[in-house]
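The same chain A turns up in both complexes below, where it pairs with chain B and then with chain C.
Up next, the complex of A and B:
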């Protein structure tokens, strides 16, 4: 019984391969986009986890100072009975060098899986050895490298002596790991090294926190693409069930129990979802492989987080891919299965448009839309990043659910005002087609709204960001000396060749309970005239330069609700906030104080960084002379134009991924229209044959069908405009503020919309072309069959 | 008459309507012996199809009893009625109700496979006798109405049911084709020893049955 029934059920797909392809494409695409994004996120998380398991992440408490720790301090502490281990960190040739002492470092803190075998005489001796992650390129200028598992991407482990040589920091340490309890007789650390302070070390958590919002953004887009793909799946499954109503009835009439039928239909769907899931996972891997270099670059540029540029196939990932494909199929098929379960045995078997919604159902759908809108409003009231995404989802879903009713009202109105029988039929027929197309049109609305919303957000951001860079990067040249001695020599050299030298000091410190940066700046019009303040008190710069007040960035201000007039504790001292400045691209909090105040707070921070003001014509010569004379590395001298170029490049890469997902989502929506049109085309003959018999040519009918698809796409576009703008507003004023801490003005770009309109009309026309051509070539005998079957 | 194969007693059925239930069957009683043929006629709305559906386990009665051999059909649950339809009672529908995605051969054997008593030799015989041997790899849409109805009859008889129910079997066919299809159906039903209960408006078809039962407003006239 089961074999015969399964054969009967599956034969439907065999006889309708296009429908099967539609279902597979929809489900595979939805799974691909979702699992692609998940693969990227999983890879990033794995990279963070790898970093977390190493000492570089600071999992153990450590002793740090406001500057380098002299090696003699370490020796003094060891001799006194404190179980500490030295660490030196720095960058060389694009690698993060982490110097360790394998003899004093707890074995757990050694890179995972490296084992003692990799740390042998070569590691400790001359010229030393680097341990790097597989696939890491190490330039010849560095000691020979050995690949080892468990090393974070972009990092290299070396013996402390090797690291001091490579980093040119002899006798210096960055931190001392507290490896174990001190001897009972050891004097307090503060007595031996009063400048050291103990920290818990939470760098990994910080990276996760900082990048969390980025990954949430990716997940949201992945989910949107998945939802759009599900519209195709829902359409294909709904149609397949509707077309088989007669078969179901016959099977039941021939003695197949209802439970067995439902179980077999579920098994059929499971098989299909597993096959489509496998295809989707393979495609998702491809999508992730294509996108991950951009994601890695974004995470590195924006957050300094290292993510491997290659994907690893993880069982959890592909299993979740199958799970999401199965879940998606279950969601898409739930209503159809429910209807089949409740279908009376003697129900009419004639296929009706499966989604032919009654007016009551349309109003119910509109009610659900209102409910989604209400949920969105509540989420808006609650605030927070997760609530921001609920607001976003609620807005999109309510718009999609309301679309069929709005289109029906518009089409009905057009039908009533139409002049002449042809126009009347055109509008009335469009309304009749609406139920069969509504799922595809809802998918199109989602894709268009996402495109408009994200496009507006990115363009607004770009415009604001470019203007902000001009304000923020006023100094023509920025340089960093390697040592204080070199800094003094450079300053002496620069004296007559520049208009102004603006020293800059900075240090990491906690502000308002989160990791942040404090910057000390000179008293100069470069700051007071151009710095992009978004809120200020009177005499801002006078008070900052006098050391009475500080400026903070918008991220710090918004996260902690600190605005001009409030007080902020900086390095144990309460300071007045005199102004807030915009600081796009920086996820961390930042505060600025006058240089003298900075030096009072942190007297040991060496003066190594400077901004230089000079005639732009002299930048090139000065840069060359500085490099030649002081042998400064490339990265130590940055001219304004390079910084702008680099910043804009980071910006563009940041949105490459969302842009790609946007295009893919629009593509999926186009596919949804194509498949819907092709599938309803098979049920159109009974509607078209009478009109043909009344004197329309087949060519004219085909042209009208084409025009109808374009008209519906245009109407959907018009409705997606306000939704997209609302989406952009949510992204700019809610999501960005919550995720990154910055708020941006909403700007409108009508030309971009026009381009999108043309694109969507073209997509609709292309999608409608194949069914229209088929209709134009339908033999009259096929149309006549409609009347023959009416008896 | 010896012990009847089918026994219908005081069968009641009504359908809900806006102004209260509408009675369709009001105490229908009759018997049908094994191997016997019976035409069920009456005006539209007299309850013929409803009676057929209840006897075939496609619908349930509000009152009364239907027995098929030792089985109380009206006491069966959904699963029991499904088993009955699968192997003991078989229906020839006016609309043929073939499975469009299966070819003629598969359609012909389908119910027998469902019942777990597929006999390829018997199916071949049926195909030959019904003039379908040359069409086994075709799909229903490629056949004429008469050919499709012959497939439906073949499918019904392939399972060797005890009772064949036919609901306007020639309703979708022209007179000549219908007559040929009825000839074949009666011939094959007689060969299998099944009883036949045939709902029809056609007096010509009714006259071909051994007995005739007229329903009027839900009662045996």
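Up next, the complex of A and C:
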């Protein structure tokens, strides 16, 4: 019995292979986008964890100086009883060289998984050995490299002696890690090395916290894509169940218990979901592989977090891929299974007009839309990043759910105003097709709204960001000397050649309980005229320059609700906040004080950094002269234009991923339209045959179908516009503020919308093309059959 | 069980082992390219107090039995191991000479131990002979000569500062300084200075304690590990109340009877070496230390010298819980002879 039943049930898919393909494509795409994003997130998290266990993350406190630490200072500290371990970091041939001393470094600090096999006697001595992440390219000019798991990407671990040779910095160290407790008889570190200062370094929680919002963002997009994909699945499953009602009835009448039927149907769905899940996981891996280099670049640019540029397959990941595919199928099939379970034994065998969903159902759906909107409103009231995403989701979902009802109202109105029977038929037929297409149109709405929203957000951000860069990077050249002696020499050399030299001094310190930076700046119009203040008190700059007040960045202001007029403790001294400036791209808090105030707070911090004002025409010459004369590394001299270029490049890469996901989502929505049209095409013959019999040519009918699809897409686009703008507003004013601490003005870009409109109409037309062509080529005999026998 | 864990000989494999724990490996057991000890050595002092970089392993090993003003017994250990990754010297970070320090301070109730690692060539650790200085980080044994040194070491919760003096000669162990370690002929160069008089200060979290007593220095260098089947080592250095000294060790063998060796040293420093079997060491009682049973009371017999004594740990809990763990602590001697001494045991797992 069970075998026969299975054959009967599965025969449906043989007869309608296209439906099977639709189901598989929908489910596989949904799984692919979801698991692709998950793979990226998992890779990033694993990278953070790895980084946290290596000294690269600086989890242990360190001793640092302004400039290199002489090796003899290290020996002096060791010989005084302090358990410090030397580190020398620098760049060579595009790799970040991290020199370590495996003897004094705590074993736990060695890169994870670099077990006995990785560090051997070859590591020490000449030529030495580099430990790199698998797949890292190491030029021949460097010592031989060995691949080892657990090395951060882009980094190479070497013995400290090897690092000194490779970086050509004999006798120099860049930091000393405090590896363990000092001897009980050891004199204070300050007595031996007074110029060293202790820093906490960033901890893994810092990186996780900072990057958390980025990953939440990705997850939200992954989820959106998944939801869009599920619309296709729901459509395909619903149709398959509808069309098999007759089979179900017959099987039940033959004595098949309801439970067995449901179990067999569930098993069928489970098998389908597992197969589609497997395809989806493979596709997801592909998606992740394509996207991860950009994600890695973004995270590095935004947060300095290193993420491997390639993927590792983790069992947890593909298991979750199968789980989400199964879960998605279950969600999509729940309603159909429920209906089948409740189907009376003698229910009519005719497909219960998939295309005749009751007005009641539409209103029910609209009710659900209202509910989603209410949830969104509550989330808005609550605030917070997660609630921000709930607001986003609620908004999108309610718009999607309300779409069919709105479209129906519009189509009804159009049909009432329509002149002539043809036009009336066109509108009526459109309305009649609506239920069959509504899932696809809802998917299209989601994709379009997301596109408009994210596009508007990115463009608004870009506009604000470029303007801000111009203000922020007013100085033509930024310069950093290696030592104080060199700084003095450079200043003497610069004197007559520039209009102004503005020293910048900075140090890391906690502000309002979190790691932050304090910057001391000179009294100069460069700041007072252009600095991008978003909130200020009167006489801001006078008070800052007088040393009474400080400026803080928007991140610090928003996180702690500190605005002009409030007080902030800086290095043990309460200071008035005279202004707040925007500081895009900086995840941490920052405060600015006048240079003199900085001097009194931190007299020991040397002045090594300078902003230079000069005639832009002289930038190139001066840069070259400075490099030649003082042998300054590339990164120590930055001209305004290249900083701007670099910043914008980082900015663009940040949104490459969201852009890519957007395009994919739109593609999935187009696919949904195609599959919906194809599936309803066969069911529409009874409606088309009479029109054909009345004299419409098949070609004409096909053109009308094409036009209808484009018209529906256009209507959907119009409806998605306000939703997209609302989405952009949420992204700019809620999500960005919560995630990054900055708020951006909303700007509108109608030209972008026009492009998107054309794109979506093209997509709809393309999707409708195949069914239309098929209709145009339907043999008249097929159409005649409609009148000859009951289908 | 690591078949090659040895004692003093900790060194023979310890550094590679430690290095392994640190992420180093690849040091085979073979001593290719390294010099090997040969019988009938002639030691030249003070040169031979310094390092022998062509040998793979070497140590400067001091133990001292000390007494506080109230008669309490204390013990300290100060050890500097040298382990060569390659048979050459060198300066700067490239040197293949690695150094390891162990220090411990034992009271009847507490045992504190710590370790240091470093490499030569950069000034962090090393040994020079004239004036004599052996050091790693803030620990040192230094003075005008090896017969007059100041010995210091410190950990997070203990420190000591002692002066060690003697005018006695250094005593060769084994046959003229050639000490055989197994029936297959593994051997090392080995001499001792068991006659140091000590005074100085112990520093504990509870305060400083002035102490006096006796110290014993062992110098040993070699390139060969012990035989494959040797699983551990029980090593005794005893100061007897008659003024005589006894060095004895028992190398336990997985496949057969232990290999023993002993040197009886007269108060004037004249050594009499005894071959395998002359000395017997029999565990009488074990203590539960660091989740294992370690013999902390022994019966030691050297019939040729009429010695039949019981050797018992001052503090049975003298476990050196370091990257490479073993037991080492002061012992009391009673029976045919009285005295104090030190016991080291490895390979109890």
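Here is the rule we go by: the second predicted complex is superposed on the first by the 643 of 791 C-alpha atoms of A that agree within 3 Å, B and C clash if a C-alpha of one lies under 4 Å from a C-alpha of the other, contacts with A are read in each partner's own complex, and residues count from 1 in each chain.
Just so it is clear, a residue touches a chain if its C-beta (ideal position, glycine included) is under 8 Å from a C-beta of that chain, and two chains touch if they have at least 3 such contacts.
As the structure is a prediction and not an experimental result, all values here were calculated from the model.
Among chain B and chain C, the chain that touches a larger number of residues in chain A is C.
In the superposed pair of complexes, A:262 makes contact with neither chain B nor chain C. In the superposition on chain A, A:337 contacts neither chain B nor chain C. Applying the stated contact rule after C-alpha superposition, one finds that A:7 touches chain B and leaves chain C untouched.
By the document's definition of touching, of the two partners only chain B reaches A:250; chain C does not.
Once chain A of one complex is fitted onto chain A of the other, the partner contacts of A:182 are limited to chain C, with no touch recorded for chain B.
Within the superposed three-chain model, A:104 lies in touch with chain C and out of touch with chain B [touch as defined at top]. Within chain A, not a single residue is touched by chain B in the first complex and by chain C in the second.
Interface of chain C with chain A (complex): residues 20-27, 85-86, 90, 92-96, 98, 117-119, 122-124, 135, 137-138, 154-159, 203, 205, 323. Those residues of chain B lying in contact with chain A across their complex are 53, 56, 58-59, 78-79, 82-87, 90-91, 93, 95, 97-102, 106, 110-111, 113-116, 139, 172. Of all the residues in chain A, the ones that touch chain B in their complex are 1, 3-5, 7-8, 11-12, 14-16, 246-247, 249-259, 345-346, 349, 791. Listed in rising order, the residues of chain A touching chain C in the complex are 71-72, 75, 78-81, 101-104, 107, 110, 114-126, 159-162, 164, 180-186.
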